[in-house]
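For reference, the structure is listed below as structure tokens.
Chain lettering (A, B and C) follows the sequence in which the chains are written, and residue indices restart at 1 in each chain.
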Amino acid sequence: MLKRLIYSREGVLSIIVLAMFFGVGVISPDFISLSNSVSIFNDTSILIMLALGQMLVILTRCIDLSVAANVAFTGMFVAMVNQYFPELHMSLLIFLSLFIGALLGAINGLFVWLLKVPSIVITLGTMSIYRGATFLLSDGAWVNSHQMSESFIGLPRYEILSMPVLGWMAIAAIILFFWAMKFSVWGRNFYSAGGNPMAAFYSGVNVGKVQFYAFLVSGTLSGLCGYLWVSRFAVAYVDVANGFELQVIAACVIGGVSIVGGLGTVVGCVIGALFIGVVNNALPIIGVSPFWQMAISGLVIIIAVIANATSDKDKARIILRNPNANDEIRAN
Amino acid sequence: MNNAIFSLKKVSKVFPGVRALDGVDLHLYPGQVTALIGENGAGKSTLVKTMTGIYQPDGGEIIFNGKPVQFHSPHDSHALGITAIHQETVLFDDLTVAENIFLGNYPMTKHFSIDWSTMVTRSQEILSSINAQMDPNQILRELSIGQKHMVGIARALSVDAKVVILDEPTAALSHHEIHELYELVNTLRDQGKAILFITHKFDEIFTLADRYTVFRDGCYVGEGFIKDTNEAQLVEMMVARSIEATYPKKDVEIGETLLEVSNLCHTTEFADISFSLKKGEILGVYGLVGSGRTEVMQALFGTTDHVTGTVKMNGKEVIIHSPKEAIDNGIVYVPEERQKQGIVLELPIYQNVSLPQMERLAKHGQIDEEGEMALARQYCERLQVKASCWDEKVMNLSGGNQQKVVIAKWLATNPKVIILDEPTKGIDIGSKAAVHEFMSELVDSGLSVIMVSSELPEILGMSDRILVMNEGLIVGELSRADATPEKVVSLATGGSVAC
Amino acid sequence: MDTTIKKSATPDSMFTSKLQGLLRWESFLVLIVFLVCVMNSYLSPYFLDPWNLSDATFNFTEKALIALPMAMLIIAKEIDISVAAIISLSSTLMGLVAQMGAPVYVVAFVGVLAGAACGLFNGVLVTRFKIPSIVVTIGTMSLFRGISYILLGDQVVRDYPDGFEFFGQGYVYWVFSFELVLFAFFALVFYWLLHRTTFGRYTYAIGNNPTASYYSGIKVDKHRLILFTLVGVMSGVASVLLTSRLGSTRPSIAMGWELSIITMVVLGGVSILGGSGTIAGVVLAVILMGLVTFGMGLLNIPGIVMTIIVGVMLITVVSLPVLITLYKNKKAKAL
């Protein structure tokens, strides 16, 4: 059992992340202090939540390139609502961000579900539409911190047990996803619909609808992250989170979510996101310019997919009933 | 007739260009096994998909428990307790055995969550009730084909089924597994379930079934009690003509050894494959689905990696690592999965025919459309492809004509050895006869043919010599004179020739 | 002569199929292009001025040069979304050799070579490891541009040798810029390549059915590798033109171009699922997008609005055929 855990992707990845984490700790002991660890996790929270949503989409053999644009649009939208109606209660604003995000996600989902149009094309299109709409909405202007209400900026920063609410939200999302993906039929449907769409259909699973749900969840989380992003950096502008969709996809791919669908775990996905979080936080400490960040995530995506592709190849089917071969299988 | 639990009345299903079901009737009774008999292409699989809500019928009525029902999706039929074990395994490779069994019907706890432990214990129970030895927590990908099939059966038994449909369940099973399946069917019958057993093996029909229904070319032919009929009568209903006429095997003078394969091995799929092929010979290769026969042929054609062993053409060793090299050496392959591997459906007929030899036809890299057209005209006319014009897309042709285009494509390359993998699978009887006739003509004109088939009559009717494969090994070689259906099947299922 | 030819029962082709050829997407595009021209000239008296039109070509020729091989790649069921990143890396490398004082032709050569190397790298990853091209190029997109950032940071390179500006700013004859002439030349080359050669035929065959193509003796992986390299080479060429036109290099150059390029290809009638499409369609789509952008410029509409329009066009173009089929099916069922 232990052997299986260590050899699993999640196991290997955890070891790499921990090694990196403590490796940097050797150079700079502050890096591994509890407060810094919490801060790294907090920094990675948005990535974790978006990666969980993206995981659902990738599980069903689709891809959502519009998440970052969704973050920008929803972030701008709630920031402007806050700017013009500062007395509006935060719970309403959060509901609004979830709703707008869900709406944008549903648009993607409906195209994929009802028209069966490849998701890459749809989300490539909505990516630029949502980003352009952000410009139209704001007329290119920024919403700065002094235009936001105190509670708008303060909420994700509010600390409970010395961790900000932002981090707790990520933890809540992880727990919710972990339960849903393991113990709810709704969650298991993502695996069956992506693993073998034909067989899923035979088993009474509506594959298109499952894909729609994936985009809906991804959109809803993007909406929430839109508020969190804008509030955390205390500024909203058109180019918020530009290109962030690539980091989100990278987190999934690194975490072992198979791009051909049906394979991936919540734990893997979270570790994948933490990997990127640790790298991003470690670079300045080990004295590497932040300009390296983009190339590193690109390289890591490539290495991760190569690793996925090569490990898939080993699982060939077996016809020969050769005693040695069987022993090997048993040994594994 | 009134106590049937599940009936189809005058059900039709039309696909573009094909009338798959044409007003068929079928009745299933509780506590009885009904055998559905028909050749390949008789509409059996379409029927199963219509009964399970995968296809919606274009006409006719489905009656369950005396009431007309409509299945809008597989979910609807599942909800009524109709379950099927499909011919192709419709399972999930990346999920565990237990989840595969219960997918779509998960056991739940009171807290709206999936009850994994109940799922595992109940899987264990179901699996042991059908004598299948496997760990419910194992990932399906790690199982053999036979084991996967048992999971499919366990899946069908996991629900409280009233109607169980078994679509050619024994095709991939070993001798031993088949007998266990028979017992299982008997148990189900005793439990009062209505069972539809689809097969084209007569021994199965007479051991298992209470009733029979016969289909031919998508039409209902007749039904009755098994005890009132015999094999000859059923065959006549199935094919409506005598078998002998179907196989126009000509006696051709067999020449020198042309192809010699020795000790061909693959790490996981086959081992120690040695055989030879003479000029003008038709070599039949028989084996169950998953016995490695297609894998061997694909290795010969150069599409498989990690193959060791030697292949000699005319006594000279040739090295084949890609289809291109195989074609250059005069070996061509008509694949089993015609639409996936054999042909480009969206391209016109003439472009398909010329595809393997574009470079020869081209002048300085530039396409010679006239030359292509001439080639297509010549070979498609020789094979009597029926099409409105040679510029027509292959997807508009019937299955039989598509197969003829594949063969035309390869003949145009002037091959020495032509490998036919299930050459008549899924094509209508008329085209079937044409393909068989053409095979005879091919060997007459000096070619050699390797024919892989799981249809016994075809193998026995067309081959000069028969190789039988089982579990990745050649387990026997029979001459045309020696071969009997019993010997071939017994070898293929792991028995010895003696019985 | 005619009387001696044996009359075949089945004709080579039929009149109806030729007629259908006229009712294609390309004809529809011609109509739209014409309408946009009429509308633009109505909106602005400056539209029909040859120099204005010539200026307008600069905003699409570079993208269009990449759209040509991209069309072939998408027809072959692959995609490359790293093209804009290739432009960036190639431009960065040109900037670096230019800073070292390399002459004009060496700089341009380095640009094209860098593009080729990036394309080859994509191709090797796709064919060697059998990874879907979309994932590979998402990765290399970030890798290539990332390398630009590593090399340049927030620097801007402007020290290009004299004469380098010709590629992006020079005119060959009268109003015909070097960029426009080059595009016309490559449009003809790619037309020939896709529609007249075995290479083109293989592209269609692979795009429709890679397995059957492989079984027919086509070296599918080699073919894909060449296509990816071709896209890389043309991205390199586009990078030379763009860098020369702007006269400067920064890592964020050509950001988001992959979207407009893919839109041009899809708008041109190339199926995103592979297997069908023509160079003529792509060229028409390129002209159409150029005209729309130009028209919007005349109306003083900001550039980011154009990205909305591009996005809407992309989605409409892929959804429309599906909607039409759905509608037809519904109608057929009702009858």
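Just so we're on the same page, contacts are C-beta pairs under 8 Å (C-beta built on N, C-alpha and C of every residue); 3 or more make two chains touch, one makes a residue touch a chain.
Labels paired with UniProt names: A = Rhamnose ABC transporter membrane protein; B = Rhamnose ABC transporter ATP-binding protein; C = Autoinducer 2 import system permease protein LsrD.
The shown structure was predicted, so the numbers you read here are calculated from the model rather than taken from an experiment.
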item	value
Chain pair with more C-beta contacts, B-C versus A-C	A-C
Farthest chain (mean CA position) relative to subunit C	B
Subunit B-subunit C separation of Cα centroids, rounded to whole Å	44
Inter-centroid spacing, subunit C versus subunit A (mean Cα positions, whole Å)	31
Of subunit B, residues touching subunit A in the complex	52, 54, 73-75, 78, 86, 90-95, 99, 103-104, 106, 108, 112-114, 116, 141-142, 144-145, 266, 268-271, 290-292, 295, 471-473
Subunit B-touching residues of subunit A, taken from the complex the two chains share	179, 182-185, 188, 191-192, 195-196, 198-206, 262-263, 315-322, 325, 329
Subunit C to subunit B touching residues, read off their complex	8-14, 17, 196-202, 204-205, 208-209, 211-219, 275-276
Residue numbers on subunit C that touch subunit A, as the complex places them	79, 125, 129-132, 134-136, 138-147, 149-150, 153, 256, 259, 262-263, 266, 272-273, 302, 304-305, 307-308, 310-312, 314-315, 318-319, 322-323, 326
Residues on subunit B engaged by subunit C in the complex (per definition of touch)	301, 303, 322-324, 326-327, 333, 335, 340-347, 350-351, 355-356, 358-359, 362, 365-367, 373, 377, 380-381, 385, 387-392, 409
